[in-house]
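Have a look at this one.
All chains are identified by letter, namely A, B, C, D, E, F, G and H, in their written order; residue positions are counted from 1 within each chain.
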Amino acid sequence: MGERLLMKGNEAIGEAAILAGCRAYFCYPITPQTEVAEYLARRMPEVGGVFLQGESEVAVGYMLFGAAAGGSKVFTTSSSPGVSLLAEAMSYLAAAELPVVIGNVMRNGPGLGGILPAQADYFQATKGGGHGDYRCLVLAPASVQEAVDMMLLAFAKAEEYRVPVLLLADGMIGQMMEPVEFPVFAEPPSRYTSGHEEWATTGARGRGQHLVKTLFLNPDAAWAHNLKLKAKYDRIEANEVRYEAVDTQGEMDVLIVSFGTMARVCRTAMETLQDKGLKVGMIRPISLYPFPAQAIREAASRSRLVVSVELSMGQMVEDVDRAVQGKAPVRWYGKAGGLVPVPDDVSAAILGMVEG
Amino acid sequence: MALTVFKKPEAMSKNITHYCPGCTHGVIHRLVAEALDELGLRERTVGIAPVGCAVLAYNYFTVDFQEAAHGRAPAMATGLKRTRPDLIVFTYQGDGDLASIGTAEIIHAANRGEKITVIFVNNAIYGMTGGQLAPTTMPGQVTTTSPQGRNVAEMGYPLRVADMLATLRTPAYIARTAVHTPQMVVQAKQCIKRAFDYQARGVCFSLVEVLSTCPTNWGIAPVESTAWLEQNMAPYFPIREYKRPEEA
Amino acid sequence: MSRVTVDRERCKGCGLCVQNCPQGVLALSKEINLKGYFFASPVCQPKCIGCRVCGIVCPDVAIEVAVNGTQYHYFEY
Amino acid sequence: MQHEVVFAGFGGQGIMLAGQILAYSAMEEGFNVVWLPSYGPEMRGGTANCSVVISDRPVASPIVPRPGTAVVMNNPSMERFGPAVKPGGCLLVNSSLVNLKCDRSDVKTILIPANQMAIDLGSGKAANMIVLGAYVGATGAVSFDVLTSFVRKKFASKPQFVELNVKALTAGRDLAAAAVRGGN
Amino acid sequence: MGERLLMKGNEAIGEAAILAGCRAYFCYPITPQTEVAEYLARRMPEVGGVFLQGESEVAVGYMLFGAAAGGSKVFTTSSSPGVSLLAEAMSYLAAAELPVVIGNVMRNGPGLGGILPAQADYFQATKGGGHGDYRCLVLAPASVQEAVDMMLLAFAKAEEYRVPVLLLADGMIGQMMEPVEFPVFAEPPSRYTSGHEEWATTGARGRGQHLVKTLFLNPDAAWAHNLKLKAKYDRIEANEVRYEAVDTQGEMDVLIVSFGTMARVCRTAMETLQDKGLKVGMIRPISLYPFPAQAIREAASRSRLVVSVELSMGQMVEDVDRAVQGKAPVRWYGKAGGLVPVPDDVSAAILGMVEG
Amino acid sequence: MALTVFKKPEAMSKNITHYCPGCTHGVIHRLVAEALDELGLRERTVGIAPVGCAVLAYNYFTVDFQEAAHGRAPAMATGLKRTRPDLIVFTYQGDGDLASIGTAEIIHAANRGEKITVIFVNNAIYGMTGGQLAPTTMPGQVTTTSPQGRNVAEMGYPLRVADMLATLRTPAYIARTAVHTPQMVVQAKQCIKRAFDYQARGVCFSLVEVLSTCPTNWGIAPVESTAWLEQNMAPYFPIREYKRPEEA
Amino acid sequence: MSRVTVDRERCKGCGLCVQNCPQGVLALSKEINLKGYFFASPVCQPKCIGCRVCGIVCPDVAIEVAVNGTQYHYFEY
Amino acid sequence: MQHEVVFAGFGGQGIMLAGQILAYSAMEEGFNVVWLPSYGPEMRGGTANCSVVISDRPVASPIVPRPGTAVVMNNPSMERFGPAVKPGGCLLVNSSLVNLKCDRSDVKTILIPANQMAIDLGSGKAANMIVLGAYVGATGAVSFDVLTSFVRKKFASKPQFVELNVKALTAGRDLAAAAVRGGN
C-alpha cells in the first residue's frame, strides 16, 4: 500500500482506473461525477493514455465499444440521466462480450431530477436498462477506499468474464473526501485486455478475420449466443457474490439490507437500536448483481423482520423480497430526491416497524 | 498467355452478397477493397459496419471488422483509432445511419479531425428497413413514410452532408462521387484511394460520399436506377471534391 | 483476344454489364440460375476488347476479364 | 377443421402475398385465420416464409412447427421445411429452382415448375400464384371460387394483372389436382 | 363493433391510435414495427393529424414530450434497440407526468440481435430502463384484437394517471394478420388530453405560467414529487392489475405463467398436458406492471409447480418467483434469439419438470 | 413628469436570476422578453429551457415553459409546434447543449424547417457543470477538461454553428450576434426580434447565435470578459446575418 | 433631467454598467449588499443623460432609467 | 473523540475550501476524517455547504444531521443550520451578511464580521479563512499550528496568499477564542 491521501471519491476512482492499467477514458461531463473526467483530463496524458470528451453519452458508449473491441482496457463515468443514454450501448457491449468498466455516480431522479445523491438506478443497473437478455456485474462501494479497491476488481472481472462491469456509487461516494491508500504493484498491469489477441480487431495480419458483432440473424445462432451468455451469467452468479454481514449471527429482531453510503448510515443506526436492546443485523450487498440472495435468505430465516434501506422509493427491496421467499416480512425504508436519512431517521423508522 | 485484368480484389471475400440485383453497394464494397489492396493496407485495416443494408459488410471483406449500432460507427471508429493509432479504420455507412440518427457522431468525428475514413453511401432512402424517408430523399420522392412524396414545406430539403462537413474549420478530405456509370466508378475509386491515403499518412479525417442506387426501394429496375440517379440526385448533390486538407 | 467470364451463380441478372458494355458482348440469358435470376453471359465473345467496363460496373464481382498478352487500356483503373 | 400451411422461399418471390391472399379468402369463408410471416434482413433474395392457420375454432398457437402442407420455392426452404411437414401431409415443390430431393415417403410431394410455368404464362412474377393455386388444388383448404373472386376484387384496378393471376392460379390448381388424383 | 377486417397487428395498432383520438405520431423506422409508421404516414394526414419521422429515437422521445406537454395525445412505436434509446426520455416523461403511449414491438437481442420476435425487454419495460424511481403501465397483448383494445385502454389510462403507458408486444403480434373488429364511437374522442387546460403549455393567456419540468433542486420538493409519483404508482398497483386465468380452479400439478403470443402457444401445450392427465392451469398477465402477483401467489399455493414460460432467458420468472414467495417451486422455460417454442416443446419441457 | 425609459419587460418575471455576476445570460433573457413584449407574443409563447446554466430560465419569464433534457430542446419544440401550430415556440440553449449532445436535434429541426426560434448562447464553455471543453471552446483555451488548452490537433477547431446551419438548403433565418457591448446588445435585440417575427409570420425556422460571457469559468472578471470575447471569440465567430429566408 | 436607479439587492456588482456609462455616473459602492456584493450606485446623478446604456448592459435588470418629459434618443432600443 | 462541523454559505465564498483545509489538517494529525459537500446548481451565489467529521474511530455515517458546530455565512444558511446545531454546540455567524437572529439559548453563538474583517485585511476573499480560524479557535478540533503549517505547505507557491490567509486564520482564531473565553 502506498501513502495515505485525502482524496475525493471521484478523483480516487480516476486514479484507480490508471492503477488498473486503463489508458483510455471517454466521457461526457455531468454532475456529480465530472471530477473523474477533470482528474483524468490531467492524468491520462501524463501516463500516455487517451482522454477524450465525447459529444454525448450515446457516442461515449460506442467509443468504449470501439476501443474495447480493439483490445484496450477502457473506462467511462457518468451519472443517472447520462447512464440512461448508455442503455443501448450497454446491451451492445454485453452482447459483444466486451470488457469495459462504467461508473455511475448516481444523482436524484427521475428526469433531470437534481444533483443530489441517490441510489435510484438500482433497477436500471441490475435488471438492465437496455433491451434483450444481458447482465452487468454491478459493484457498490461504501467508502472511497472501497471504491478504489473495487475499481481494480472491476477491471479484473471485466477481463475475466468479458462483461461490462458497473461501479454503482451514490453521489456521496463521488463527492466525499476520505483518506485512501492505493496498492502498489510490482509490475504495472497492461493497458490491453489479456487474451485480446484471440478476438480483438487489431488488423488481420497473418490470420483470419476478427469480427466483433452482435447481430445473429440465424435464430439458432442467436439462441446459441444467448445460451453462451446465460452460462457466463450463471458462472458469475455462482462465483461473484460479495457482501458484508454485520452481527447476523443467531436470532435477530431485524435484519437490515442496505448498500453504499446508506449502509454506513445504517451502521450508526444499528448501534442506536442495539443500545435499545434490539437484536439487529445487517447484510450489505457489495455485488448488487449477482445479488447475495442466499445469504439474505439464510439470515432472514433467523430474523423477525427484514428491512431494505435505500436511497430510492424501493427498488432493491424487490430483490430482497424475492430472496427472503416469505421467510420473514420484508419492508422498505428510504428517501429519494436527494434527501439522505440520518441515522436517527433510520433507527426511528425501524423501531416503528418493529413496534407497529 | 491470358492475363487477368479484372477480378475480385484480395481484400474482398468470396461470399456472394445479400444485396439486391443491381444494388451499387456491391460496387462500392469492391472499390474499398481495391483501394486497400492497392495501398497495401489490408492487414492493418479495421472496418466498422453500419446498421443498414451494409450491416453484413464484414462478410465481404477479408479485414477485421466491428459491427456498430445504428449511426454510431464514427464513435466506434474514434474509440478504436484513438487507442490503436497504428490501425487504418474506416466506417461504411448509409444515409439513414450517417445523416439521420448518426448526425452528431459524424459531425463531431469530422470536427475533432479523427484520423479515420468514412465511406458514406447515399441512396436517398432507408434501404434495409424497406424504403422510408431519409434526410437525403429527393423532393417529391415517394417513400413508405412519405407516401405523397417528400414535401419540402413539411420535411425540408435533402441534407447535403459533404457540403455541410466541408464548412468545418478542421482540416479534412471531403468529396462526393457516384457509381452509376463506369466513368463515375473510376472516379469514385480515385476518391476512395485518396481518402485512405490521407489516413495512412496520418493527415486528416476523410469522407467520401458516394451516390448509390436502391433499385428495390426506388421501385425501378437496376438499369433505370442509374438514370434516375443521374437525373434526380446528381444535379442536387454536386459530384466534386469539396475540401482537401492542404487548403485549410 | 480478350475473354470475359461471368460466374453464373454469382450473377443476379441486374443487367448493368449488358447496359454498359460498349461492344454488346453480353446479354441476359433466357435461363435462370439457382436463385431464379436470368444471369448475364457473353453472346459475342470475339467482339470483347477487354475494356473491363462490365467488371467495373458489376455489383457482384461476377465478372472476370482476361486478355492475351499486354494490352493498351483506355483508362486507368 | 384446421389447415396449417407454410409458404417459403426467397424474399421477392411473392410468397408473403400468396399467404395473405389465402388468409383473406379463408376469412371471407368465415374461418378463423392467422397469417404469420418470418423474414430475413434482405430486401431481395433472402429467405422468407409465412404460415397460415385456417380453423373453425379460435386459433391458440399461431406457430406452425409441423405444417400439413409446405410450399417450398427454393433450396434453403426445402432443407428447412421438407423435413417439417406432418406425416401424411403434402409438400409442394417449385421444381424450377429446387434441385434438392426430399426422400420422405410419408408425405405427398408434388413438383411444380412454377417459375417456368409463370414465364410461359407471360410473367415470371406469377410463380407465387401458381403455387397458391396448387395449394388450394391439393388441399381444398378454401374454395377455389372464393379465392379467384377475392383476387378479382383485390386487384380490380389492374385488369391484366387479374387475368394473369387467375390464369396462374388455375394452372397451379389443375396441376396439383391432377397430381393428387393421379398419385403423382 | 365495426366490420371484421384481416389486418396486420402493426397496422391495427396504428388504426387503434387514431380511434383513440390520437392525432400525433412521431417515429423512427425499425423492424419489426415499421408498418405502424408506414400505416400512419398514410392515415394521419387523412384525419388531419401529425405524422413525423424524427431523426432518431432519442429525438422522438422528446418530440413526444413536447407534444404531450402541449396537451396532445401522442404516440410512438419502436422495437428493442430503439426503445433503449428512449430510456432517458421515459424517465423524463414519467417524471413530468406526461400521458403518452409507446409501443415496443420486441425483437431479439441483446445488441443488434435480430428482427425475430422476443419478449426479452420485460425487465426494461417493467423495472424501468431509465434512471430514477418511475414506472410505466405495461400492457401485453396476445392477439391483434387485444392489441387494438389495449391501445384504447392505453390512451385512457395514460390520461387518467398521467403516466407513460407501454404496449409491450412481441414481434409476432406486430407481424401477424388476424381478423379484427374496431369499436365504433358515437362521439370521436378528442385529440387533446382531457384536463390538459390545467397544466399544459398552451400560452399564458390570461393566466399564470404553466411549467412542465422535471428538475427539483430543493430536496424537499424532490422528495415530495417522488412521494406524489409513488402514490400514483400505488394507485395503479391497486387498480390496474389485469390478467387472464385459465383452468386455475382447485389443486394443480402445474401453474403456467406466460404472456403475449407465448401464452397462446402455452394454451395449446396445456391441452396436450391435460390430455396426459395433468392438472394444468395458466395465468396470463395482461398488465406486466402492475404485475398480478396476488393472483399468482394464490394460484401457486394450490399448485405443485409453477413455470414461467417466456421468449427470453428468464426475466418475468423473477417477478413470478417473488410473487410465489416460496409457496411452490418456480421454474423457467423459454427460448430467446428469435426461436419460438412450439406447443410440443412447451409440453415436453413441463412434463420433464414434473417428472424430473 | 418622469417617464421611465428603461425597465424590466413584462415577459420577464421579478425573480433575481441565479446567474453569476456579469454573466450575459441575463442580458439575453431580457432581450428575448423585450422582443416578445414588443411583438405582442407573450401570451401565446412557450419557451423550452435547456440543461445548462439556463436550466431555470422559466423562473425569469412570464410565459409558459417546458424544461428539456440536455440537448433535446429542438425535438421538444418540434413536438409542440407541430401539434400546436398557433403557438410561438422558442428554445434557449447553450453551446454544450446545442452544439455537442444536441447536434442532431438542431440540425434536423433546422433542416426540416420547423417554425421555431432558437436562441443559442455561445459562451465557449460548459458553464453549469463547471467549465469543461465545449465544441465552441477557443484554440488554446484552458478548461477543466482541456487543462493544457484546447489542442486543435487533438480536439479540432471550434464549431461554428451558424455557419454550418446556414449551408442547409431549407429556408431559414440564421444570424450571429453578441452582447458584450451596448452596441452589440442593441443589434442582438434586432436579430432576436427578427427571428421571432419570422416565426410569428409562419415563414421559417430561425436561429440567433449570441456570443456570451462566462466570467466564472473563464476565470476573469466580468469587465474583462467582454474584452476577452471581443479579442478571442469575435474574430473567429463572425458577427453577421448568415441567411434570410427570402434569399433561399 | 434623467434619473438612474439601481436596485441594491438585485445588483451583483459586476461593474458592467460602471464600465459602459458614458458619463461616469455610476460606481461600485464600498458597502456590500445582503449577498455580499459591492453593488453599483449613482455617484453623480446630475451627469446622467438618460441614454439607457447602463440598463442595456446590466445582466440583472437592476437598473431603471427615467427621464423628465420626452427626450431625444441617440439610438433605437 | 468526534467533531462534526458544517460550513454553509453561497457558492463562491470559499467555504468548500475551508472545510477541505480542515479535513487535510485533521488527517495530518492522524484522525479519521470525511469531508462531504452539498451544492446547488449555481456556480456563484447559490447555496452550498460541506460537512467535516473528524474522529479517532472509523467514521460510519458521513452524514451530519446535527453538527456540533455550524459556520453560517449567509441568511439562507442561518435559516437551515441555525436550528440544526446540537444542543451545547456552537454557531459561528458571519455577521457581515447574516442579519437573521438565532434565538437558541442552548448553543453558543459567536458573531464574526468575516467579510468586513477580510476587507480590512486586504481581500474580501479571505472571509473563509477567518471563519475557519474561528472554528478552530472555538473548538480546538485540530491544532492551530498544524492548520497554519498545512496552509503554508499547500499554498507555498503563492507567498502573499499564504501570508494573507495565515493572518486571516489568526484573526478568526483570536476573535473566537476571545468569545469563548469571554462568554460572548
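We adopt the following convention: a residue touches a chain if its C-beta (ideal position, glycine included) is under 8 Å from a C-beta of that chain, and two chains touch if they have at least 3 such contacts.
Every value quoted in this text rests on a predicted model; they were computed, and no experiment measured them.
Student: What chains touch subunit C and also subunit F?
Tutor: Expected: B.
Student: Please identify the chain with the largest separation between its CA centroid and the CA centroid of subunit E.
Tutor: Relative to subunit E, the chain whose C-alpha centre sits farthest away is G.
Student: Farthest from subunit A in C-alpha centre terms, which chain would that be?
Tutor: C
Student: Which chain pair shares more contacting C-beta pairs: A-F, or A-H?
Tutor: Answer by contact count: A-H.
Student: List the centre-to-centre spacing of subunit D and subunit H in whole Å, with centres computed as mean CA coordinates.
Tutor: 85
Student: Would you mind pulling out the distance in Å between where the CA atoms of subunit E average out and where those of subunit G do?
Tutor: 60
Student: Distance between subunit B and subunit F based on Cα centroids, please, to the nearest Å.
Tutor: Those two chain centres are 34 Å apart.
Student: Two or more other chains in contact with one residue: find those residues in subunit H.
Tutor: In subunit H, 40-41, 45 touch at least two other chains.
Student: Where in subunit B do residues touch two or more of the other chains?
Tutor: Residues 19-21, 55-56, 67, 69, 100-101, 103-104, 107-108, 128, 130, 135 of subunit B touch two or more partner chains.
Student: Where does subunit E touch two or more other chains at once, residue-wise?
Tutor: Expected reply: 31, 55-56, 58, 81, 88, 92, 111-112, 114-116, 213-215, 217.
Student: Would you tell me which residues of subunit A are touching subunit F in their complex?
Tutor: 28-31, 34, 37-38, 41-42, 45, 51, 53, 55-57, 81, 111-112
Student: In the complex of these two chains, what residues of subunit B are touching subunit F?
Tutor: Residue positions touching the partner: 100-104, 107-108, 111-113, 135, 152-160, 163-164, 167-170.
Student: For the complex, give me every residue of subunit A touching subunit E.
Tutor: 58, 80-81, 83-85, 87-88, 91-92, 94-96, 106, 108-116, 118, 120-121, 123-124, 127-134, 213-217, 219-226, 229-230, 312-315, 318, 321-322, 325-327, 335-339
Student: Along subunit H, where are the residues that touch subunit A in the complex?
Tutor: These residues of subunit H touch subunit A: 20, 23-24, 27, 32-39, 41, 59-63, 65-66.
Student: Spell out the residues on subunit F that touch subunit E in their complex, using ranges where they run on.
Tutor: Where subunit F meets subunit E, its residues are 42-46, 48-49, 55-56, 58, 61-69, 72-73, 75-84, 87-88, 104-105, 107-108.
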